[in-house]
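The same chain A turns up in both complexes below, where it pairs with chain B and then with chain C.
After this line comes the complex of A and B, so read on.
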C-alpha cells in the first residue's frame, strides 16, 4: 500500500522544478524575442535595399574589370548569412524557452520532468529550424540565382532533404510523450 | 465463429491503441509535416526558380520522404481502423435501437466507410505531389482509387441488404 502513494518529499522538487522552468522560460523568451525581431528586420531591409536599390544602380558598371552587380551580390549574401546565423543563435535560446513553457502547459500541473522538457526542446528546435532555414532560403534564393541559375535549385533540394530528416528527428523526439498519452487513452477506452 | 462482444471489441481497440498508436502517430505526423512543408513551402519556391524541372526533382524528393513515412505507419493505421470500426458499429447500434442489421454487418459497413475516408484523405495528400511530377499522373491514380471506392460502397450495400 505504501508503494502506491508517492512520498510527499518527491512532490516538492517536482513543483520547484515546474515553477523554475516556467519563470526561467518566460524570462528567456522575453529577452530573446526583441533581438530576433531586430535581426529579422535588419535582414529584410538588407534584402530590400539590395534588390531594389543597389543592384539596379550597379547594373552595367564594372569595378577594375569585375562586374559590380556580382560583387554587390556577394557582399549582400555574406551580410545576410551573418544576420541569419545571428537569428539562429537567438532562435535556439527562444526555442528552449518556448519548449519549457509548452512542457508546462501540456503536462499536468507539476508533472513535468527534465527529460520531457528536453524532448519538447528537441522537437520545437527541429521544427523552428526548418521554418527559419526556409525563410532564409527565400532571402537567399534570388541572390543565389544571380550568381548561377542552378545554384538556387541545388540549395533548395539540399534544404528539402535536410528538412525531411529534421522533421523526422523532431517527431521522434516526442515519441515517448506520445507513447505515454496513448497508454493513458487506451486505459480510458477499456 | 463466435461473435465478438462489446467488451472484447473495446479491449481489442485499447490493445491496438496501446501497441500501434505511438508508432503510427509518429510516422503519420512526420508524413503530414513533410507534406505541409513540401507542398506549401518548397514546391512554390521550386516553381519560382524554374517551372518544370526543379518542381519535378523537389516533388519527387518530398514524395519519397512522405511515402516512406506513410508506408511505415500503414500497418498500424490498418489495425487501428479495423479495431475502431468495431467500436463504431457498437456505438451506432446502441444509439439506434431500431437497426435490424447484425453487429457483424454493421462492423463491415463501418470498416468500409472508415477505409474510404482514410483512402480519400491519403489520395488528397498525394494529389499535389503527383501533379508536380506530371499532371496526368494525378488523374491516372485517381481512377483506380475511384473504382476501389465504388467497390467498397458496393460491398457495404450488399452486406446491409443481405440481412434484410
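After this line comes the complex of A and C, so read on.
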C-alpha cells in the first residue's frame, strides 16, 4: 500500500506576494506616520513647556516637604518615557512598511522574497532606531541630569553600546542583500 | 464644529495658559503673587496645583491642536491615494 504523501504547501505566486507587500506597506505607512508625528510633537512640547515655563516657576516651592521641581521632573520624565515608547512602537510598524516598499522598489519587478523584506526590515530598523533613540536621549538628558548628574552619563554609555550593536546588525543585513545581488549578477555574466 | 474654530479655541486656551504661567511671573511678579494670596489656602499648595493644571492644560491643548491637524492631513492624504 502506497503511503499518502503529505499535502504540499501552497506556494504564493511572486506577483501576488509583491502586490500584497506593496499594498499592506502603503496602508501601514499611512496609518503610522501621522501618529508618529503626533507623539513626537507632544514629546517635544512636554519638554519645552516643562523646561522653559513650569520648572522655572516651580523653583523654591515645596509640597509637603518635597521640592516641587523634582516632583515635576519625575512627572515630565514619566510622560516623556510613555510618549517615546509609543513612538518606538509606531516607528517599528512604519519601518516594517518602509522596508516592504523598499524591497518592492529596489528589487527587480515582482521578484520580492520574505527573506529580502526581512533584511531590509533589519537594516532600516537599526538605522531608524539609532536616530530615534539618540533624539529621545537628547530630550531625557537634562531631566536625568537634574535627578542625578551620573545618571545621564550611564544612560549615554548604554545608548552608545546599543547603537553600535544596532548599526552592526544593519550593516550585516545590507551586506547579505549585496551578496545576493552580486551572486545573481555573477550568474548572469556566466 | 469646524476645523478652524476648534484650532482657534484651543490656541486661545493655550495662549491664556502660557501668558499666565510665563509672562505674568516674569514681567509682573507682584500680580502673580497677588493672585495666589487672594485665596485662603497656603500659597505653596495653591501654586503646586496651579502648576500641575497649567502643565496639563498646555500639553493637552497643544497635543489636541496637533492631533486635529494630523487627522486633517491624514484624511486628505487618504483621499488623494484613493483617487
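Rule of thumb we're sticking to: the second predicted complex is superposed on the first by the 170 of 190 C-alpha atoms of A that agree within 3 Å, B and C clash if a C-alpha of one lies under 4 Å from a C-alpha of the other, contacts with A are read in each partner's own complex, and residues count from 1 in each chain.
Note that in this section contacts are C-beta pairs under 8 Å (C-beta built on N, C-alpha and C of every residue); 3 or more make two chains touch, one makes a residue touch a chain.
Note that the coordinates shown come from a computational prediction; the quantities given were computed from them, not determined experimentally.
K.L.:
Tell me which partner A:97 touches in the superposition: chain B (first), chain C (second), both or neither.
P.N.:
neither
K.L.:
Determine, under the contact definition given at the top, whether A:84 touches first (chain B), second (chain C), both, or neither.
P.N.:
neither
K.L.:
Which partner does A:28 reach: the first (chain B), the second (chain C), both, or neither?
P.N.:
The answer is neither, since A:28 touches no partner chain.
K.L.:
Once the shared chain is lined up, is A:159 touching chain B (first), chain C (second), both, or neither of them?
P.N.:
First partner only, chain B.
K.L.:
Please work out whether A:54 is in contact with chain B alone, chain C alone, both, or neither, and reply first, second, both or neither.
P.N.:
second
K.L.:
Considering only the touch criterion stated at the top, classify A:45 as touching first (chain B), second (chain C), both, or neither.
P.N.:
The answer is second: A:45 touches chain C but not chain B.
K.L.:
Quick one: is A:141 in contact with chain B, with chain C, with both, or with neither? Answer first, second, both or neither.
P.N.:
A:141: touches chain B, not chain C.
K.L.:
What residues of chain B sit close enough to touch chain A in their complex?
P.N.:
10-11, 13-15, 17-18, 21-23, 25-26, 29-30, 33-34, 37-38, 41-42, 45-46, 48-50, 53-54, 57-58, 61-62, 65, 69, 87
K.L.:
Which residues of chain A touch chain C once you look at their complex with the stated criterion?
P.N.:
26, 30, 34-35, 37-38, 41-42, 45-46, 49-50, 52-54, 56-58, 61-63, 68, 72, 75-76, 79
K.L.:
Give every residue of chain A touching chain B within the complex, in rising order.
P.N.:
Result: residues 127, 130, 134, 137-138, 141, 145, 149, 152-153, 156-157, 159-161, 163-164, 167-168, 170-172, 175, 178-179, 182-183, 185-187, 189-190 of chain A touch chain B.
K.L.:
Using the touch definition from the top, list the residues of chain C that touch chain A in their complex.
P.N.:
18, 21-22, 25, 44-45, 47-48, 51-52, 54-55, 58-59, 62-63, 66-67, 70-71, 73-74, 77-78, 81
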